[in-house]
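You will see two complexes here that share chain A, one where it goes with chain B and one where it goes with chain C.
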Partner chain A sequence: MASNPPPSMHHERPPLYRDVTVVKWVVQVIALLMVLGTLWFLAGQAGDNLRASNVPTDYDFLSVNPGIDLSSGIDTDPDTGGRALWVGMVNTLRMAAAGIVVATLFGLLVGLSRLSNNWLLRKLGSVYVESLRNVPLLVQILFYGAVFASLDRVTKDVGPINGWFHISNKGLSMPRVHIADGFYQWVVVLIIGLVFANLMRKRRNAQQDATGAETYPLLSAFGVVVFFAIVGWFIHPIFGFIGNIFDGAASAISALPENVLQLLIAGGSLGAAAYWIRGFLNSRRTPAGLARLTDDDYFRMIFAAAGGLLGALFFLVLWPGLSSWFINSGSDFFEVLGNKFGGGRSGRPVDVALPEIVQSGKFPNYGPSGLNFSIGFAAVFFGVVFYTAAFIAEIVRGGILAVPKGQTEAAAALGLRRSTALRRVIIPQAARVMLPPLGNQYLNLTKNTSLAIAVGYSDIVQVGQTVYNQTGKTLPVVSIWMFFYLSCSLSISVIVNFFNVRMRIVER
Partner chain B sequence: MSKLSDINVEAGIADAGPPQQGGSLSVGQWLRTNLFSNWFNSILTLLGVFAALLMLRGVLNFTFSENREWDAVRTNLRALMTLSYPESQYVRVWVAVGFLMALAGMSAGVWENWGGVSVKRMSTWLMGSGGFFALCVLLREPSVIIDSEGKVLRTVEGTLQRESFWAAMTDRLGWWIAVVVLIAMGAAIWAWCSEPDRRNNSVAVTTVVFSGLGLLVLSLWLVPYGHYAFADGTYIAVPGRTVAFSTKMPWTVMWLLLFGLYFVGRSFRDTQWQGIVRGSSNLLWLISPMALFWVVLRDPALDYAHVLSTDLPMGLAFGVLGGVLLWVLTRADAGEAGRLTAVGLLGFAAFNWVAAFFGLYPMLQKARISFLLVALAALVAPNFIGEVAKRRQLIVGWLSAMALVHYMATMMNTPSTVELQSSEFLGGLGLTLFVAVIVVLLSFPLGVLLALGRTSKFPIFRMLSTSYIEIIRGVPLISVLIFFSVMVPLFLPDGMELAELAAVLTGYTLFSAAYLAENVRGGLQSVTKGQYEAADAIGLTAVQRTGFIVLPQGLRVSIPQLVGQVIATFKETSLLAIIGLFDFLRVANSVIPAQSEFMGVKREGILLVAMIYFFFNFTISKYSQRLELRVGLGER
Partner chain C sequence: MSTDDATTVANDRLVDREDMIVCVDVDKWYGDFQALNGVTATIKEGEVAVVCGPSGSGKSTWIRCINRLEVHQAGDIFVDGIELSNDLRNIEKIRSEVGMVFQQFNLFPHLTVLDNITLAPIWVRKKPRAEAETAARALLDRVGIPEQAEKFPGQLSGGQQQRVAIARSLAMEPRVMLFDEPTSALDPEMIKEVLDVMKELARSGITMMVVTHEMGFAREVADRIIFMEGGEIVEVGTPEHFFTNPTEDRTKLFMSQIL
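After this line comes the complex of A and B, so read on.
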């Protein structure tokens, strides 16, 4: 090292193919071009092949009657392809939401039983977890499906349903709680109640902090909500005037000129890019002025600016109809909301209907008055719930074990009761460890509902497959799947991240 | 809340074994501390016992019900394993299984000291299983009464008539004898080892496993399990001959191979050959799935004229010319020119693929792959500059890689001689295992590359890998598989074809790689900054730093997640059944219920499939826990 010449002011520039910055960017740009070129080539190839086989890739099927019947959903005989896919999406979301709630509760129980003092419960929990998570979900779903399919058939003489639940090889039928006349007006009362409840909780909390006396903030807030719910049950018709407000909003929106909104959207795109660049430059600012920017930093800023510009161009040139779409759907939305209120709606907010058996076609089947689960739904539901619960149980166990023993001891030293220590010390810390993997499991559950295709439950994948078998539009349907699942994943990760940030330990 | 207040935070840790030392507590004390410590616990215990007995009774009644047609599974065992692999060539399946058995025995012998099971523990196992059997025999409801004509007796109301409880118990005399034998054996061992000097005696795990497997194989010779086998759409073998009849000889050979090669492997341990044997067994594990599938099972019909005129000369040319090039490139004075040559070769290799896609000039696929390999070898060549021995290492590696690649490519290109019954010559469990192994093997390098891309300092690479990983992880596997099985033919240029299996393998590999990349990324992030700085300080290049410093440490940390990913991949091979490949779930779910003899019999087959999946996954996960201990994760 001593033989090295002292550093001189004039650096000898290395040859071009040895210059780190040059090589770095040349390699990256070549890689990007290759990826884009491959995609472009494949897309062109697919387009050619599709044209050759007379299957153009357009989305016309969304507004054409596909002529398919769905096995279950909000509309079993959809009149357009778009409607059919929408029914599939609702079915998927329904399954995912129900599955997430039940799997979390069940997984929590199993996870806690694996930590219990009781030897037998611990062993039962282990057996459950080990056997469920080592068998593929599809095998479980098919098994449940086969078991349900071998149940007794529905016959007319079994009901008008003798009681509240009925199970057969057509599925499961149970009483349905459904939204009735005055529901939305009642919800308005509830929202007002929630506001008051929140105020009450804050006041009680402040009282407790000041005096140290137990004021039961959550309990009293809950009481306020219940009070408003009961009162609202009777007085909700007085909120019928809200419908007029929504109607006004609808007409105000439809009066908006289209060009203004279009320019606003484009401007918003540019503004977002500019805002991001400003924030980025601010983050690079030091007390001694702007730090030296690397080529990486320049890349990010150029990339953001190009993105903003492209977005603006896209909304202005390629998709000028966006603003009229916004205006139409916005005014539609408020019109629909407006229709939910009004003078005639003075009945009960919520109603219950008991299940029944009707002779609809050749065979007796469950009538629409009950809440019916087809065997497809039941198989997928039990499949994803039991399977995911096994993983959630492990997460719960791991989370609670991850809380250092010192925390329990410190809580005991403060004189907290064991239940209070759990509620205030252990669970909050365990939740912080548990939340990210839990979010992952929720994502997996949502994606796993796509296995419904194996037992014929009409989720988005199954409906999509039926639609493209009818119309031949495979690529559009697949693109809708991808879009739908990506938005689901994104929403779930946004929600989980929100809680994650809230629970994070505040550090310096 | 009272439920929560019973959580014992330490209990989870002690879960692995009996929580309290059984030896120091009497039975009553043990019950009191573990099951009846307070009134709440006692209620839970009673409820738990009730629920467990109810579930066990349900499972037993379901499994041994007179409505179960286990014949459907027994008859179709061969279909479940290999679907319609022809009888005349079936010996190839046994050769493949035998090779894997031998390899497994060898690796088990040379790699690990499997330790022992304490004799006391074995006696508890024996007595415990005896008690469990007794419970099962008691819980199962009495069988139905069948009259002399084989008809099930019913009462006037139509319900089934069952024999009395005592009659059922006397019918199950054989089971009672088994219970008594098990408990007696356990008790005898317990009594034997209760003397102080035998308390810590133990038996090697391998002895237990080998004798267990041996007993199973022996039972094939003694008990005529099962019936005749069903394959190729017909019954093979005459009725009356059993599955055991046609498989007892092969399984005995398999057992002998496993047993024998274990001792061969063990004799190499701690000798000078250990390293070589370990290395070659690892290499064989990598190569054998492909070789067994494409060469042994597929039985290609080689056209020797073509082999002599084209394949052999081409392989030789690439081997020799590439070897010479590498020899030149590893000279000490290669310098900058060597690297430029390598980059030029890489460009040429990439251009070959582009040209192929546009149909510019014809070239055998093998040649394109070989050009790419030459370029990659030229890129790593500077690492081998130095003494002759080191350069020779590279050349030998190159020649063997070329031999292997050209041999496999020739074999894969040659048509199979196996008479096809469906689109694939292999189905059932064989196909499932093949897909799982290939996907794991192929997605590993891709996943590592993606993880490196996502953690790299190059913004465009980072952006590309991140968006790829996130998009793939956001969509369900089934949509990716459907996309590939339906859409791939549309994406290919005219004249190019891809079999359904290949398309599905591609899609599955791309999917699995994204998940694997996330697991590897976790490991890479655990490598501290100091390691990078140290690598830079001793003058390693970026590639060397990644290959010799970062990846080995990062991958070691991510072993548990990687094993989890292997299990997930294996479980998700079940989705092949949905997109139309005949894996063994599809055989159980669609093929068997369609046979006229077993119309609609699904549950039995699916249960068997579930048990096989469980066996594999449970074994892998238990082994991975052992592996974690061995590499000392979380200890160093």
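After this line comes the complex of A and C, so read on.
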């Protein structure tokens, strides 16, 4: 044993009120309690005031017929408020997804043209960026709306290709490909094809590495998928048995006893805490054995244990309905899948419906069979795409300029062709710089689609406004808006961050 | 021009060798500024030529013209008999025969050391990956850092990075190596490790053109020293000639300043 340290080296515990660790944790717990208490108090006050002034805060309208018609979407005559908002959400998501893809491609083109050696392209790019990003988006959307509204009025033979493709002041109407009876069995074949395509891609890659010969791995993988898609078109009915598997899963879930599931959920909460504590202890373990735990570590473990216990109590006592919800929605989910994949649905995977022009009242309009884009959609779409593309162009330009000139020179000196250098050296590095601001632009685009209200496109805000005008449930609708946009934004952030982390350059 | 003309051969062992780099009256302007003024020189196969001179004398510009990182505006440059013109095919051919090492290394930071070295052999020479990697590991062994193959450039010291850059150029099996101040961005203790690699390379018989201020290196391995100032070649001669009795006054001044 080592000799005793001199008296001055003894670790003397300071009194609790002077112990840094204790003080730190106590202060944090108190701060947390104060914040929670304040929020609790404010929420209670708000609730009282709202009740006193008779402002409705309930969500009943979600299951009541709102009696509204929507200008476009998967269901233009929704039978409940919830359905109406759902249609609005789908419209917003459609707009955002399509907008992000097109704005990215277009912005890339404009950004590259601003870097081009061609004088005309460069100037065109500059003029585009400077004019588009300096005019408010709302003005641009209204402008496009006005332009499209001045198109010909819709008639039976408005053209340009009657029965196939129509353009008018009601927007665009074209043939629609829609899911038919055999679709889901066909998807099963496609998934099998994807597995084989992946195998093919790996094989081809290995082959290329081994021989150096170009083997086009992605192209051949795509070929495999196409092959399976064509074969599946004819043989998909034999995969009807997949439906039985889902049916079996549904009945297995509904056979689960509720109490056992409840206990399992509570146990899961405790288990999660125990798992965390075990991992934490392991992370503190030195090769020689258990290392000395600091006071901080004890605090952390105590909090984890308390959290797990509280969670278990919460699920057992305060929310006993959770298990039946799990069982019901789980079995419902698999029942739906069983129905979709089930046998006896042996039609074609997809069908095509031609657009039509109907005249129910005084004025003709596009019928529901075609794929219709209203002028509202077009106005918002062009608005957000052109506007966001201007910003994306600047991001692309900045990203490529941020790659040092030496990288291009080194690639050239090695004899790499310009295209190979771009693909292997410049773009991978530029993408790292571009990704975070690009994510911001995607968020902006998604949020900017709410300006659709200006041209009457049925996005979530427009639908929501109609709903609360009909029902007076302003606050609940606004809360749904906020929750929806928050979920969209967080999802985009998560995806962008995922790529961001994956592409980080290793240093030191 | 001095006693020893730039187109003549300095070292007896090179008398019968073929011309590798031939420059005839090369001119280069940046706007009004003339960076190269009638540069004429011939580098023989297997020769080690050191280009020195004060900053702004056009050394780097000249060496960068030889693989077309800069475009010369008048005069002719031939590398291994191929004329460096606007013909894209000639440029590609010359670049695949000429390796270059930069002052700032210019390694690709998003690729591992191994991928840095194999990139060009795989995508330009269409070599199988396994073969390219074996060759790359052999080169890393040659420059003395075989254990760094899986690391990223950012994890290496400056000297190690420059040695990777040399290995990367050698992977293309060039007949000529150009060095543009390869040790100027390095700490003193790292300069030696890079110079050692370059000395080994010089002895292996590859044609080398080195822009550097390392006169010790020049004295030890150079066949010829080319002294430039103001975009012109002032004096050409063996290291012995330079270190004992340079002819031109400007050369004397330069040598007295750096020795």
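Just so it is clear, the second predicted complex is superposed on the first by the 377 of 508 C-alpha atoms of A that agree within 3 Å, B and C clash if a C-alpha of one lies under 4 Å from a C-alpha of the other, contacts with A are read in each partner's own complex, and residues count from 1 in each chain.
Please note the rule applied: a contact is a pair of C-beta atoms (placed from the backbone, for glycine too) under 8 Å apart; a residue touches a chain by one contact, two chains touch by 3 or more.
Just so it is clear, the structure is predicted and the values come from calculations on it, not from any experiment.
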Per-residue touch tally on chain A - higher for chain B or for chain C: B
Which of chain B and chain C A:M301 touches, first, second, both or neither: neither
Partner chain in contact with A:L322 - chain B first, chain C second, else both or neither: neither
Chain B versus chain C as contact partner of A:G406, first or second or both or neither: second
Which of chain B and chain C A:L416 touches, first, second, both or neither: second
Touched partner set for A:V188, first chain B, second chain C, both or neither: neither
Chain B versus chain C as contact partner of A:V425, first or second or both or neither: second
Contacts on chain A seen with chain B and repeated with chain C across the two complexes: none
For the chain B and chain A complex, residues of the former touching the latter: 1-13, 15, 19, 34-35, 37, 41, 44-45, 48-49, 51-52, 336, 340, 350, 357, 457-461, 464, 471, 473-479, 482-483, 486-487, 489-493, 567, 571-575, 577-578, 585, 589, 602-603, 606-607, 609-610, 613-614, 617-618, 621
Chain A - residues contacting chain C, complex: 208-214, 404, 406-407, 409-417, 420, 424-425, 428-429, 432, 503, 505-508
Residue ranges of chain A touching chain B (in the complex, touch as defined): 17-18, 24, 27-29, 31-32, 34-35, 41-42, 45-46, 49-50, 112, 114-122, 124, 126, 130-131, 134-140, 142-143, 146-147, 150, 296, 299-300, 303, 397, 400-401, 403, 405, 408, 418-419, 422-423, 426-427, 447-448, 450-451, 453-454, 461, 465, 474-475, 478, 481-482, 485-486, 488-490
Chain C residues within the chain A interface of the complex: 67-69, 92, 95-96, 98-100, 102, 104, 106-110, 119-120, 122-124, 126-131, 152, 154-155, 165, 168-169, 172
